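Here the chain labels run A, B and C in written order, and each chain numbers its own residues starting at 1.
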Amino acid sequence: MDLLKVLNVDELAHGLANLSMFPYFEMAHYVMSVISLREQPGALEVSRVSPFACWFSSMLFCFGGAVLSGIMLAEPPIAPLSNCTSVLMATAVWYLVFYCPWDLLHSCVAFLPLRLVLSVMREMTRTWRVLGGVTQANMKYKDSLLVLVAIGWARGAGGGLIRNFEQLVRGVWRPETNELLKMTYPTKITLIGAVLFALQQTQHLPVQKHHLMLVYTVFLVANTARMMLTGSTASPFAAIESLIHKTLFLGYSPYAALTSDIPDSCMGQAASNSSNKGAVKMHTAASQVNGEKPPLQAKDESENTGTRRHKKTN
Amino acid sequence: MDLLKVLNVDELAHGLANLSMFPYFEMAHYVMSVISLREQPGALEVSRVSPFACWFSSMLFCFGGAVLSGIMLAEPPIAPLSNCTSVLMATAVWYLVFYCPWDLLHSCVAFLPLRLVLSVMREMTRTWRVLGGVTQANMKYKDSLLVLVAIGWARGAGGGLIRNFEQLVRGVWRPETNELLKMTYPTKITLIGAVLFALQQTQHLPVQKHHLMLVYTVFLVANTARMMLTGSTASPFAAIESLIHKTLFLGYSPYAALTSDIPDSCMGQAASNSSNKGAVKMHTAASQVNGEKPPLQAKDESENTGTRRHKKTN
Amino acid sequence: MDLLKVLNVDELAHGLANLSMFPYFEMAHYVMSVISLREQPGALEVSRVSPFACWFSSMLFCFGGAVLSGIMLAEPPIAPLSNCTSVLMATAVWYLVFYCPWDLLHSCVAFLPLRLVLSVMREMTRTWRVLGGVTQANMKYKDSLLVLVAIGWARGAGGGLIRNFEQLVRGVWRPETNELLKMTYPTKITLIGAVLFALQQTQHLPVQKHHLMLVYTVFLVANTARMMLTGSTASPFAAIESLIHKTLFLGYSPYAALTSDIPDSCMGQAASNSSNKGAVKMHTAASQVNGEKPPLQAKDESENTGTRRHKKTN
């Protein structure tokens, strides 16, 4: 029975590894990416005033990972544009999401079961994108673990990592936040995937690639479905993150209790430097230690309220 | 008679195609580019306080296209700096435009006939730059139409496309506008040229290269001369753009009539998101449909008043 | 006696040229770079809220030169990450500077003699970084003087040159200033070094490489020690810069006396363009001619007061 079970899992893993992402899964990725863009504040207005800027933003949402990993490896960031079929598909999706008569496509995708299916299909492409990045990096930097992780991460979550510059295309500039300062769930899960696939590639993780693909994909899909069906935004890593943060990154003593020990130069600079737009205030860390939401987090959550149920994904 | 006419046009086209842009036409391009920079608000002050930043900005105006197309093709963006002669010419022009005793050069170029000649010569270099970009792209991405268009466009209008970053060098940051959001005439005409030359290169347009160069150059020159002599800023494409916009990009119904059908989330987000600096307001699109100038356009036109007659070109 | 002297200097120069920067001098560079980051307003708070963003910033401070020169030469900017040993060393330094129990490392480095030694060791690495950049550029652009200078400069002072983008990682955006607009001492001295090494490489400067390394390093070390021990921030080039500025870059007449001759369009644009955030005001140049501190400089000096004695270096 166990052997049969293992054989079935192995076959399933092989089947998944050989599954082609083109065209349906890629299409789902484009649809959910462009829907994600549409739900950004101001994006609809930009689509009416400047369709070209809107199209360019959509392409960055769809192909941002390939662009970013290309830049990091000194390969042409224009390369995704050479795949005419994919670009035409993404363009067709962009047009239908923003300009479809009676807003048909957007209304259909708002229907939860369909949105769930598309989100799940999209999450499956994440596995392929991360793996593609790790493989691409391994050709130039064989067995260089950090590079493999960085490129796998960029390829899988590039659209979010270059968010500031994609917003700039639409005339929006929000320097006070970015994906490094405040990582969203998709970016975190992609980073974890990149680490796992890089460890596997460099033989540090003794699992076979297709098994890891199966496990990672199942984890992605299960979490996405859970978050969409329950409406919960709680990250599955929240407890571990909190533990690691409190253990390793609170500095030379519990931050709140020893604010008086922080050199005056730091406090004075932080307090007086009013031109330091977007600097995270010192009480933020203290409030986090005390369990309160820091101002930045509270502000982001209130902005996200309108899109919470539909999961801003990347 | 007709045969003679054709032979003459053919000879003219060949003559134009074999015309060397160096040194006079290139010099005209540098002069008009640096003059363009000088007419930017605050540029003269920067030249007095930080000549180096001013020089760097000038080089971005002069060689921005080559830099941008290099970045997009993963070729060294530093490459233009290796052409010492061109850089020295551009540097000499920069110095004379900003620091010439009695501001001689700037005053001369303010003289309309001379400015007209220089502008016409500069527009002629645009053909060579676009064609250079298309050819450069074709070596790496043979027959990939979208890439050829993108690189040709970047090479021809790069200085304008990287405007935000050139302004950043001078300590100016205006995220609410860029050439994708609000294309100026030079950027549009360069895009059209890039499309034509890319179609010709990929054998989709059944014309010979030197004929296309002649037609495109004549069109550029004629329009430039018309706009400078009449003081008109009306784009020759305004009617076509308006038609395409109203037909394809107004969304799921006439926008003005159905603003009430736009999901509340979008309207609410657009209205309340005060941190969304530079988001284009919804009534902009509606007002455009109704023939009014949208606020962004009105604001830009009032800022451009002082330079309208002299045509901020790129 | 003279011959012995020369032989000793020659041996010293050879010894210095063969000195390995790894691991002690590199370590000193990482320590001073991360300390430099920590002393930025708001950096400590970011380290508590987002350790990852803090780590990324630190890596940009430590390896910014290699990243920037890589981008300029279209070589992978991710390359520094492939040197696992260096990255691990820099990461360990980052952790100890920001999270060491009782802030031990930061307190030790505040001790002037130790800080002096580390700063001197760090300045020695500057020679190697500039030379490394010039050599790297010479492989692709043999004898192209401007490219050699640019890459040598980027490699040696890259961390400062990309300051705006490093600040963006921390959620800070200060477009009104950058190293091109207002060069700090480290950036200037690195530029001078890049010019000297480029001239030597292209045989325009008739000195041997190891002699030039010795002279440049001694100059760097002596100046650093002087500035730290006297608390003076006066640049050794101030007199020459002022002379060059007044001779070459004051424009078509003494600026202060002829402000009335500046075309109204420039003055009007500068005065009325309130959206031109960060434009340097016209009286800045005039005040500089009259020996007063321009507003931008005065503001920066007051912000730097808390770190003046400890020399914000790059």
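Here is the rule we use: a contact is a pair of C-beta atoms (placed from the backbone, for glycine too) under 8 Å apart; a residue touches a chain by one contact, two chains touch by 3 or more.
This one's a predicted model, so the numbers in the text were calculated from it and none came from an experiment.
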**OP:** Just say which it is for the chain contacts: an open line, a closed ring, a star, complete, or other.
**Re:** complete
Original post:
Can you give the rotation angle that fits chain A onto its twin chain C by Cα atoms, in degrees and rounded to the nearest 5?
Top reply: 120
Original post:
At the chain A/chain B interface, shared numbers over all numbers used: above half (same) or below half (different)?
Top reply: different
Original post:
How far is the middle of chain A from the middle of chain B, if each middle is the mean of its Cα atoms, in Å?
Top reply: 34
Subject >> chain A, residues touching no fewer than two other chains >> reply: 74, 173
**OP:** In the complex, go through chain A and note every residue touching chain B.
**Re:** 39, 41-42, 44-53, 56, 70, 74-78, 81-82, 84, 87, 98-104, 168-174, 303, 306-307
Original post:
How about chain B: which of its residues touch chain A in the complex?
Top reply: 71-74, 137, 140-141, 144-147, 150-151, 164, 173, 175-178, 180-183, 245, 248-253, 255, 261-262, 265-266, 268-270, 273, 275-282, 284-285, 288, 294, 296
